[in-house]
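One chain, chain A, appears in both complexes that follow, with chain B as partner in the first and chain C in the second.
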Partner chain A sequence: MALFLETNNLTKTFGGVAAIFKLSFAMGQGTVFSVIGPNGAGKTTLFNLLSGIYRPSSGQIHFRGQDLVGLSPHEISHIGISRTFQTPQIFFNMSVLENCLVGCHRHGVTGFVAAALHLPRAVSEAKRMREMAMENLAFCGLDHLADRDSDALPYGELKRLELARALSTQPRLLLMDEPAAGLNDSETKEMGALISRLCETGVSVMLVEHNMALVMAISHRLLVLNHGEYLAEGSPEQIQSNPKVIEAYLGSGDESDG
Partner chain B sequence: MGEVFLQSLITGVTVGSAYALVGLGFAIIFNASDVVNFAQGEFVMIGAMSAVSLLAVGLPFVVAIGFALLITVAIGMMLEKFAIEPAKSATVVSTIIITIGASIFLRGAALLIWGKNFHSLPAFSGEIPIHLGSATLTPQSLWVMGVTALMVLLVRSFFKRTVTGKAILACSANPMAASLMGIPVRRMMLFSYGLSAFLGGVAGVLIAPIAFTSYDAGMMLGLKGFAAAILGGLGNPMGAVAGGVVLGVLESLGAGLISSGYKDAIAFIILLLVLFFKPQGLFGRAGSDRV
Partner chain C sequence: MRRYGGFLVLVALVVLAPIVFPGNYFVTVVGVTIAFNALIAVGLNLLMGYTGQISLGHAAFFGIGAYSSGLLTTLMGWNAWLALLAGLLAAWLVAEMIARPILRLKGHYLAMATLGFGIIINILMVQPTHITGGPDGLADIPTLTLFGWAIDSDIRWYGVATGVMLLGVWLALNLINSRIGLALRAVHGSEVGAQMMGVDIERIKVRVFVVSALFAALAGSLFAHQQGFISPDSFSFHFSIELVVMVVLGGMASTYGAVFGAAVLTLLPETLVVFEEYEVLILGAIMMGIMIFLPQGLWVSLSQKVKQIIASNRSTTNPSAIS
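== the complex of A and B ==
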């Protein structure tokens, strides 16, 4: 049986510097899988490799048995991987609902002419997409803001809008780059609850996050990177007591506080 | 005075419809990629000239026009595929300069193919003018206005109501996020150029029975269409349409009331005034960048 997501000796170099070096790991379906590591560990590079923005220098990525290397971002999105960004990348020229509708794009089948002429097939499809987008907005608690201009939303809501938009592509795997960055404590708790609920609905989540309380609370498994290399992998408890991880985060000296 | 006014209004709306279609083409490509495609006017010329040639080889009228539009769309897509796409890492300004180069190339190619002669198409449904009081309206004017209105409604509904329309808008807002949402950005760009070329070709075919066309006819029409798009607020398709009609009317009023020698000057004075005093256009949203 093919694994859900698996990388094998994955390497990405930038002009001789390896941002990711010979990384092999596997992620199980239906889990919240967090990637942690000190700054510069290669977490965002890993996301960019998985979503097709970067092409690996060498190594393989397999998602549900399919080789992802060489696919463009939109092809990877069609296979079922979506992502959110550290800083929300919203289409600011559109309303909240329209942002979500763009996410539905890949499920559309009707052509330009049918759509422009309001043929019944196009109308029912448009209605279905609207419902889907509204459902995702409701899931993220934004349905009451559907008709607002997206550039009028505060930061926390933009982060949830980006999540709703990513969900509209109906991903099997969602890559979330620092979903709690820039959020206050209560917003962070909400985001954590949202991610857990999301996982219960069957979407697997890969998380890069610096807020350790959040990571430890919602992750099933963790992968620790250091200088682009595999350092450790395990459950939150195993990672917290792993001496190698503690050393990477705190240094080998006797200073405390991470 | 009144009759001059009415006649100028009719002529103005007719010519303005052509500007509107060209302006709409500008707005569509601008919306998809932030690029001003200065080869837009050449699409008009290619549409008209191809129709003239195909008609001359003996094809039936409707077939000739159909093929002329196909040729225009094909050239629009080739422009994207072979001139714009290879330069995908270029800045917006460099890309705009590429489109200027492309327009010179297309004009030169047209000169080689069709020579310097002026050409014209027969009117779609006769030449018998309709009298409205003291002013006259040719049947071709009705075709121009009617088909333009239809095109505008279709394009508007496409961007307002369809997810593909939104996907094109998404490409301009954030190409990377768009591609991560599963939108094939290059294909959307190809589609935008094809659609803009189609609108340009339609304008060319519609206006050819009224205005003579020649290898360099696209230059002035392109600039007027650009003025229309600026007047309406670049990136606002319906603004471009309104801008086109307003420009056409002002131009022909100026020609009728002042002197026809100033016709072109009026369009560009308006363009300059808008750029000086209201650079976001009459209907454009003030530009705002979130930080």
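== the complex of A and C ==
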């Protein structure tokens, strides 16, 4: 059986500098898989490669047996990978519900003509999507804000809105880039609980996050990057006691107890 | 439905105007021009206001519609409705061809490219003098016949022009309130976000460009028949800019705003003629004033003020769009 997600010698260079260098790893289905590493380690670049925003300089990416290299982001979205962004890419010109409805885009078939003529099938499809979007807003605790303008939301809720929107695409794999950045302690806890619940519903999560307490608490496995290269991989316990990791990243101080 | 309440008000205005002011020049003559301009502005607003892609060349599509109808009916003796369809088809093809390369560009580059396109099309209307009549224009374009009725009076043209304009508004409203409209607005909000939600942004930009071109070409065909005479001046860079001003003046991303903007920009010069040579000056000053004090456009700003007064508990500050 094909692996859920694997990369093979994945490399991305910018003007001769490698942001990701010969990276090979595999991620299992149904897990929370975290990618950690200091700032500039190449975590966001890895996400951009996996989601088709960047094209690898060399190497392969396979998702459930399918080659992802060369596919555009919308095609990758249709295959079942979605993501949230380090700086939220909210549609600030739209309401909370509308943001989520865009996430439902790929489940619809209504085109320009059917939409402009307000055909019954366009109307019933819109109704179905609305229900789907509301479910995902409810999952993220945002259903009571559905009709709010998204630009009126506080930061913590924007982060959850991005999650609800990504969930509306019904991804098999969700890439989350620093979901807890900028959140206070209680919001961070909520986000962690949300990610764990998400994983229980069958969505595999790849997580980039600097809050080590959160990462260690909810991850099944971790991949450590350093200067774009593979440094280590293992369970939270293994990583926390790995001398290479401690030296390169976690530092000698033991603030990472999760 | 609440969503279409505004539409019913617009229909009522359009129907009542010639009844309340029968034979009034501003209704049955200027009104027709407003309807054509509004139709184009509503289409352009789908591209600019909702999707966030500027075009400084839409007069070209207005011209393609007008010249297709004008040339095919006068030189080839085609049926006017067939010629109108041919005009739409021509606009479609041209839009499809230029949209692919052009819409990859952003901001100033997109503006420059569409500007260049508009100028090229305008030159193509001037140059083949033996066909198009060159700068002197094309005369003796027959009027339209609808179900055996010749559209040969001001009031009949008012009916046709406003009817088509209302149809355009209805289509645009439907489109915006649909899956497609959501995707268009998402492209405006964040291209990378929209892509990640499964929106093929290149394709949808091309599509909406084509739709806006079709709105303009339809207006152009009708305009040619209504005027009976067309010349390249009507389809110049100058008119492209006016169209953009209509969209911006009314307020981006508002279909009614585009209609309102078209009405204001068509009426203003008509009412300012009493100031003779100061007309353009005053028009410019008004526009600068609006942009400085009501940057979201007249319609959107005013309707927000009204909403704020009605529901003063819900504040709507609206710094628009991220880049």
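Miscellaneous remarks
Everything below uses one rule, namely that the second predicted complex is superposed on the first by the 249 of 258 C-alpha atoms of A that agree within 3 Å, B and C clash if a C-alpha of one lies under 4 Å from a C-alpha of the other, contacts with A are read in each partner's own complex, and residues count from 1 in each chain.
By definition in this document, a contact is a pair of C-beta atoms (placed from the backbone, for glycine too) under 8 Å apart; a residue touches a chain by one contact, two chains touch by 3 or more.
Keep in mind it's a predicted model, so treat the numbers as computed, not measured.
If you put the two complexes together on chain A, you find that chain B and chain C bump into each other. Once the two complexes are overlaid on the shared chain, A:142 sits clear of chain B and of chain C alike. In the superposition on chain A, A:94 contacts both chain B and chain C. Touch criterion not met for A:239: it reaches neither chain B nor chain C. Of the two partner chains placed by superposition, A:163 touches none, neither chain B nor chain C. Taken together, the two complexes place residues 51, 53, 72-74, 77-78, 82-83, 85, 89-94, 98, 101-106, 108, 110, 112, 115-118, 122, 126, 129, 151, 165-166, 168-169 of chain A in contact with chain B and also with chain C.
Against chain B, in their complex, chain A makes its touches with residues 51, 53, 72-74, 77-78, 82-83, 85, 89-94, 98, 101-106, 108, 110, 112, 115-118, 122, 126, 129, 151, 165-166, 168-169.
Listed in rising order, the residues of chain B touching chain A in the complex are 154-155, 157-158, 161-167, 169-170, 172-174, 176-185, 191, 288, 290. On the side of chain A, the complex with chain C involves touching residues 51, 53, 72-74, 77-78, 82-83, 85, 89-94, 98, 101-106, 108, 110-112, 115-118, 122, 125-126, 129, 149, 151-152, 165-166, 168-169. Across the complex, chain A is touched by residues 171-172, 174-175, 178-183, 185-186, 188-190, 192-201, 207, 211, 253, 316-322 of chain C.
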